[in-house]
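Please find the structures below.
Two complexes, one shared chain (chain A), two partners (chain B, chain C).
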Partner chain A sequence: MIFFAFIISFFTGILTLNWLFKNSQKMDYPLRISLSFVFGLGICAILTFLSFILFGKFNQPAIIILTVLYLALFLYLNNNTYNRLYPKFGKIKFSSLFQIACFLIASIAIYYISIQNRYGGWDAWAIWNLKMKMLILSNQPFKDIFERIHIHAHPDYPLFLPLLNTWIYAFSKADLNQIPFITTNLLTIFCPVLLFFGLKQFIKHNIAFLAGALLILHPYYVFRGVTQYADLLLGIYLLSSFIYIFQFTGGNESKTILLAGLFLGIMTFIKNEGIVLSGLLSLFTFLFLLKLKKPSASIKSFLIGLGIGLIPTLIFKIFLAPSNPDILPILSEQGINFFKPNEFFYVISAFAKETLRKEWCYTWFVFFIMFLFGFKKYFQKENSIGILLFVSYLIMVALIYTTSTEGSLEWWIKTSLARLYFALLPSIIFYCYYCFYRE
Partner chain B sequence: MNKFLKNLISCKNIITLLTILAGIFCAIYLFVHIMSLKQKNMPFPQPGFHFNGFKEYLKNVDKVGYLTSKPIDSVNNDGFYLLAQFALAPTIIEVGNADNEYIIIDSVNMAFIVETIKNNNLTRVTNNLYGQALYKRN
Partner chain C sequence: MIKLPLNYNKILKTLFICALSLFTILNLIKLKKVVSDIVKIKQLTNYQDIEYRFKGLENNLPKGTTYLGYFSDSDLTKSDDVKLLSQAQFVLAPVILDYTNIDHKYVLFVCNNETNAWKKMKETNTSPFLRNRYGVILGVKP
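The block that comes next holds the complex of A and B.
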């Protein structure tokens, strides 16, 4: 039944994207399908959020009715474009079968590792899965989550992942421990597939496969992926945004940049880190769009998409969630005095040290050598968006670390730095291979 | 021949080779990890399983106090308190609040336990094998 819920979620995504693009989208079928899956997850989480706003607590019929109404509306809107939904298979090559076999074997390995970590890591059960339980079982879930449960559950964190799991529960009534386990497994296997299809759009098939294989075989990606944290979802949305942004630069199609904005907006509903990432990537994309010959239509589409995607987060942050206890109050009360330059440089050195940890299997070196060999390519036209994002994001993280009071700096770095890298990893692989191999 | 060699050692080929090597290294690391997991054959208990026996007494109970003599801080992952919160949700667990009808005492310190029971006029409802017990106010 959990898989049935994922199929429904997929249909919400594909019908919406199909209606948006009608006959204009120049994108491979598998990539379109993959991005529809990602988009569907967001729609379902937002529909669940809407049901909670309307009824104040878990209401299974309401969630199902909202989803059915959404599907019915988009089935109606897609009236004349169903032919675009059918898969178009070309001649199946031996290499494609080999690649599918490799991904299947890796998926079995991921499943095996995940059953050793069935209930997820500390953050998973103490934060995300606890919130899912509260959403489903409590009579006053928002009050319990925002005011009554312990501060370590980060009451201010957006609720995309718990809401998505709640939506799956509404359709499957499955065991509460089983839902995040299956969600995580699917997403961990899915992200490298998305990376592969995304890269295949721009570079040679075999190189795209190597990049996808590097991610699905990456031990740290797999270990972190199956811990049931929201960072995986963040990584998938960031990767999807990158794919849409670079897809836009290839064809200047305003609907593509609208979707990039939409994905960036929805990304803010996953985690607070998503707000920072989305803000920075939106800024650099906006600056890139300004440089276009006729920027107004693209900028308009981008801002519309971003605005729509931001609505759930704005409602959440303005009307529901308490303020972040670690960062904003400190900045407003003590201002910049709290910032210590020596600690800032300590954090920067910690960033470098993290890449040397053996769990990362020295893959950062490969990306670094790629960067050195293709140095100029990383700063050409739209490519500069990526490098600006990654550098400015790490600087922002260093600033947040050095202006936060909870725990020592060592504790912050130890508990969160690897997760930040993990969320960036799929996008960094995509970006490096895109810049280096694209003719 | 020179052209062939030049093509062979082009930047792109070097990076492709490095990617393949990195992929092989990752695959070996992953394989070794899986084998070590298989050898260890460790159990994977549900977080907070210690408190499963308390659930039947706490149906429809809004909140429970949690009194402990153990350290509660983020460095120690807040001990058993967070596990109790996860296992017993949606019941809210309030650390240090002795005013609730139900109270969990988490301690192996007999003096602390006896004093808490006396001061709050409590009767034991049930306990587990891990040093926690559920009490009800008389």
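The block that comes next holds the complex of A and C.
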């Protein structure tokens, strides 16, 4: 039944994107359906959020009715374009069969690794899955999550993942421990597939497959992926945003950049790091759009998409969640820890040491060498968006680390830096391959 | 000035494809090792279970209980001890565990040394209601 819920989620995404693009989208079919799946997850989480705002607690009929109404609306709107939903199979090559076989074997390995750790990592049951249980079982879930649970459960964290798992529960009534386990397995397997189809749009098929294989077979990616944290979802949305931004630069289609904005907006509802990433990527995308010959239509589409995507986060942050003591501590009750240069350099050296940890299998080192050898390419036209984002994000993170008053800096870096890198990994692989191998 | 070969870019791209392919194969070998290690671990122990210490306690609380006091003799600023609190909170949700105030009607005593639990119960006039085989005591006030 959990997979049935994911199928419904997928249909919400594909019907929306099919209506939005009608006959204009120039994406390959597999990439379209992959991005539809990602988008569908966002729609379902937001519909669940809406039901909680309307009814105050878990209401299964309300969630189902809202989803059915949404599907009905977009089925009606897609009236004349159902033919675009059907896949068009060409000749199946031996290489494609080989790739599918590799993917299936890797998926089995991922599942086998995850069942040993079926409750996930610490933050899974201390934060994300705890909030899922509160949403489903509590009579006053918002009061419990935002005011009553202990500070270690981070009441200020956005609720995308718990809401998504709650939506799945509404459609499946599956065991509460099984839902996040299946969700995380699916996403861990799906992310390299999205990477492969995303890159295939721009570079040679076999090189794109190499990128997907590098990710799905990366032991630390698998380990982090199956911990049931929200970082993987953040990574998937960041990757999807990149795909839409680079797709736009190839065709200047306003609906593509609208979707890029939409994905960036929804990304802020996943984690607080998503707010920083989204803000920076939106800024650099906006600056890039300003340079176009006729920027106004594109900028308008981008801002509309971003604005719509930001609505759940704005409601959450303004009306529901307490303030976050880590980011912008001046807005919380705790004081700001003034910036100390020696701590800043400690943090920068910690960033460098993290890239060389053996768990990462020297992946970061390889991409750094790729960057050095293809240096100019990373600053050409739209490619500069990526390098600006990653560098500025790390600087922002360093500033947050050094200005927060939360606990020991060493402990905080030790427990969070690997996850920050993990969320960036799919996008960095995409970006490096895109810049280096695109003709 | 060094004159680069005309197909310099092509050579570079091919070199990196080889390097990345090698890394992918190395990752595959490491992943295979992880799976083999798990096969060995599974022969000794079952899968991870974080619920065993607290499972079933929620069935002994009256319906509608919002808060449950939480007392521990360990330092809740240390990560290992907070982990236990987080596990208890996860299992017993939606009941809220309150470690700052044990004046609630029901209190959970999770102590390394059980004597400390009994001492605290005596101090706070709490009667033991249930004790499981892991030494976790659910106490109730009159």
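Remarks
Note that in this section the second predicted complex is superposed on the first by the 428 of 439 C-alpha atoms of A that agree within 3 Å, B and C clash if a C-alpha of one lies under 4 Å from a C-alpha of the other, contacts with A are read in each partner's own complex, and residues count from 1 in each chain.
Everything below uses one rule, namely that a residue touches a chain if its C-beta (ideal position, glycine included) is under 8 Å from a C-beta of that chain, and two chains touch if they have at least 3 such contacts.
No experiment lies behind these values; they were computed from the predicted model shown.
Within the superposed three-chain model, A:Tyr112 lies in touch with chain B and with chain C [touch as defined at top].
Contacts of A:Ile53 after superposition on the shared chain: neither chain B nor chain C is touched. In the superposed model, A:Phe436 makes contact with both chain B and chain C.
Contact with neither chain B nor chain C is seen for A:Leu186 once the two complexes are overlaid on the shared chain.
Note: residues 109, 112-113, 115-119, 122, 125-126, 129-130, 133-134, 137-139, 141, 144, 148-150, 152, 207, 210-211, 213-214, 217-219, 222-223, 361-363, 366, 370, 373-374, 436-437 of chain A belong to the chain B contact set and to the chain C contact set alike, using the contact criterion stated above. Those residues of chain C lying in contact with chain A across their complex are 12-13, 16-17, 19-21, 23-24, 26-28, 30-32, 34-35, 38, 41-42, 47-51, 66-67, 82-83, 85-87, 89-90, 93-94, 96-97, 99. On the side of chain B, the complex with chain A involves touching residues 11-12, 14-16, 18-20, 22-23, 25-27, 29-31, 33-34, 37, 42, 44, 46-48, 63, 74-75, 77-78, 81-82, 85-86, 89-90, 92-93, 95. Put simply, chain A touches chain C in their complex at residues 106, 109, 112-113, 115-119, 122, 125-126, 129-130, 133-134, 137-139, 141, 144, 148-150, 152-153, 207, 210-211, 213-214, 217-219, 222-223, 361-363, 366, 370, 373-374, 436-437. By the touch criterion stated above, chain A contacts chain B in their complex at residues 109, 112-113, 115-119, 122, 125-126, 129-130, 133-134, 137-139, 141, 144, 148-150, 152, 177, 207, 210-211, 213-214, 217-219, 222-223, 361-363, 366, 369-370, 373-374, 406-407, 411, 436-437.
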